[in-house]
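Structure in structure tokens, see below.
For reference, chains read A, B, C and D in written order, and residue numbers begin at 1 within each chain.
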């Protein structure tokens, strides 16, 4: 299935926006006076257009980092920049949420009371820069590209979970974001549906390159999707090992059985396993 | 009863005397609903769960595997055909066949210990022997420190281990597991595979395991039953001859495992081809997944 | 017809092409029957723009340069087709008779030609398969050729031809569903058990009061007495379905309920929404609310009589008060129960605080609001009856109380039954209103029911 | 540690805001109630209400009065009696309907037909039927809590996860054991919720019944309970006492639901573990 996209599918040269720079970020939660350190002096540089996979056991503090970038939480110290502009830092502990950084949530956050089409049209409707007709035109177009034609007037509760995830990604892309933040979005899906979602996501990515900050605990998912894996230590959260995935894009499922994939898997596995074992023994709760 | 020599029985596991039970389903069918809304879920389905083997059943989600479990466990009975255990027809639920459910079915109002002790107590066997066995199992699944905790205080992995212990204390002749590790994160899941395989390898009782995950199926199975899409029946049986004990790290690089994986994928792909007009949400996703994998 | 030796090669080539991968063997054979093989030298033109679009091509070996020419898009239209690739799909599009591209073989090339019309003919016999193949054609055209969507939409569909049998379940009409539900209900033991239950209830009432005349039941009105009075054209105590008096009482009770209920909804819903939405507002107002709430609404009766002169306003006020607390509290709970990720998603998508309130908070709290309104209408009747019994003139509570005073006992029971019927109807109306406003929920639940 | 936590909570911003709001409300009430006295012009509605300071003075006078406490006692007794009766009849009935399909088919429709009739509409019929006032009040009180408890128990028992029952069955449990160890504890949270709601309704009903029936067997006075206390204050024209009565009922209702909540917590320890 060679397609036009193959020449520079994986290259980041044509992407100019969306570089994230996380410097020395610390986040301490303070319930009942007993300080809990969730993120410990964490520094990550993500070039524009990269798919950066943040891998770590559940509940290790990855989501805290994502929430800080999205602007849902403040940070205790350190700074986060997007394209050189300060999102949050010493003078401004909490970033403003905005449509340049859109989160795709763990359990999905499509509004169940709006049809798929209205969900996708939501962002531009709120911005109010385009006419209603233009927004719907664009939304229908993007739905067709993502194979969602025919589900426009269904409510999210009426379509399969796989379709729902696709709608959510399209809803995010409608706003031309610089960064997409994924919070383990495929966690609840069964392995078959998950595999479709991975290819669909890459396909969408090849068309609209944006920086992707993707949290997961699934190593296979991480290697299949990512340019780079950042393996985090278990609580407090801090980068432990960085693995470059040099498998060329575009990728499809034959990648999964390739030798290079196995090699990278083995390289990353020990570190991940060690952290998982720690969490497993500590009886860490999930989610 | 048959005593298998390869069983390296430690003194205390002696209480888990090995049994050799098998279940045979012969040409069974089952429908739900009536009139124009009748939906056939199982159609002329035959298979056997051989004694002292771990049989894994794999098929697309929503293909009727859970119905088969209801039938084998005896919670429901087939419309046609019959299911026998050691030659005797199954008429209702019984403690010789124990089911571990998809979502954890630990009783939330009982502590770990009380949950494990439920079976013996329910049958009026609340004696020192049962208590001793419960202690032994708590120890075995590594939950001594959590004996007085309620299920909600345990992690997902711990809950599954507690459930294994709750089942094992009843010394079932056949253990039936319905996607028991679904919903766990991948890392806990892999650890649970090894853990569960270890438990199985210790006493090698008859186990029947249902899943949608190809990797899980191949890692665990002695025999693999591949099911068709709705209405379900047996499509193929593959004997998995990878030596035990198996380790996750080894199986990843095992050429034979890869070969089997390809075979299974092809078979399931053909299944998808036949069933695309089914119209169910699960079938649509399944079709999608495999048409892409095949591409 | 291709010779048998060639046949296997054709089958292999067909199966390698993406749209045909899912086709069962018998159909592949049939399609192979309408295939022809052709070879081109390097640089030879296969077809030109505007030529008649008759065949679909599959590359067996070699490569073909495909240059698409559509007016609308200024992008790159060149594409190299290699083994297994499909082109010339204009032949299967509806309403497209000419070629949309120029194709030239780059090197010596083998292709398979399939007649477009013949292909569609084959699929008409197997619409289910045909639909999948055509969907795949549409995907292929969309994804790999970047043509305007209008072209991909011309791919024919066989859905209509599929017929009722294979689409069973999704095509069941609501009418058929209702008929089916009624017929299963009739066949189940439920209606008969219900009748037995009612018979027990009425029988006990009749026997104890009228037949055996048990000690404590002597004064009670019996069912025959009640029903003859209720349906009498000339009622002994002056109240039956034939007297305008009866409807006046119902009307006045209903008017009070309506006034109090709408007022409580109009004030309680916004207040509840703001209490749930603004933390500051809640911190100020909620404690006061919590202090007043444990006082039973009916304890307000004397105070209400003192504050509001007359007999009408105090009754309506009490009814309102009961509704108001229920509505406000449930609305607030509804807002608090909305998953945080919905409002976070709205912020992410650039919504302002106010927009989030309108598009997320209000619809999100809707199910709770309607639960609240159900409770609210129930407690409204509860307080109304108390209010009407203590003060006020007319209304069903008043009927019951005066009937007691006047020793017109059958009227008590008539009043009670009427209250039950009217109360049930109003709460059913609230529920239907909720279903109407929350289509998304109804449709979700209907799906879960299957 | 705990004391400092308590004071922290007391002086937290949220608590202060609540106190401020209640304070403003009291001042507004006082000013409004005394508007005629202070400004020579009576504010609408609020001007007819006795001021809070008068209410407070009246209350201090009542604290030493044994008949006031007798009213408390009587109301508590009636609430407790009706409520316990509703529990004793309602829980088994709800469970029976949940477990036995035939019984459910027979009893539930009749139950649903009776349910929309407000409990207070039963007052006259109840007075006619029962030999004493006391019993008729108790019956209406019982009805108030009864429907809620039955509906909650039934709903709770019907929504038990099917897998719990199947798991127990496959471990060889008998029907009785399943009922005792699975159905009962699984329904307990809904019983707790149902009785909390039922308790609220019970107070409503007791107050109204006391007012309507004019105070029970002793024919009024101290035996009438708090509802009658309010009513007789109204009839006697001592408006401050109406408010005292209302606040007393509020406190009494709050105490009973708090007790119930504590008891419910003790009965369902597993729910507290997150």
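Of note:
In this section, contacts are C-beta pairs under 8 Å (C-beta built on N, C-alpha and C of every residue); 3 or more make two chains touch, one makes a residue touch a chain.
What you see is a predicted model, and the numbers here were worked out from it, not measured in a lab.
Looking at which of C-D and A-C shares more C-beta pairs in contact, the answer is the pair C-D. Distances from each chain's CA mean to the overall CA mean are smallest for chain C.
Seen from the Cα centre of chain B, the chain whose own Cα centre is farthest off is D. Chain C and chain D have centres, each the mean of its CA atoms, that are 37 Å apart. In whole angstrom, the spacing between the mean C-alpha positions of chain A and chain D is 50. With centres taken as mean Cα positions, chain B sits 34 Å from chain A. Along chain C, residues 18 each make contact with two or more other chains. Among the residues of chain B, those in touch with two or more other chains are 295. Each of the following residues of chain A touches two or more other chains: 1. By the touch criterion given at the top, residues 18, 76, 79, 82, 85, 139, 142-144, 146, 149, 152, 339, 341-342, 344-352, 355, 359-360, 363-364, 366, 438-441, 443-444, 447 of chain C touch chain A in their complex. Put simply, chain B touches chain A in their complex at residues 60-61, 146, 154-158, 182-188, 191, 212-215, 249, 252-253, 258, 261-262, 281-282, 284-286, 288-290, 292-293, 295. Here chain A touches chain B in the complex through residues 1, 57-58, 159-162, 187-188, 190-193, 195-196, 199, 217-220, 252-253, 257, 262, 265-266, 269, 272-273, 276-277, 279-280, 283-286, going by the rule given at the top.
Across the complex, chain D meets chain C through its residues 13-14, 17-22, 25, 45-46, 48-49, 102, 105-110, 113-125, 127-131, 200, 203-204, 207-208, 211-212, 226-227, 230-231, 233-234, 239, 242-243, 245-247, 249-251, 253-254, 257.
If you check the complex, the residues on chain B that touch chain D are 73, 75, 93-95, 97-99, 101-103, 105, 107-110, 118-119, 121-123, 149-153, 166, 170.
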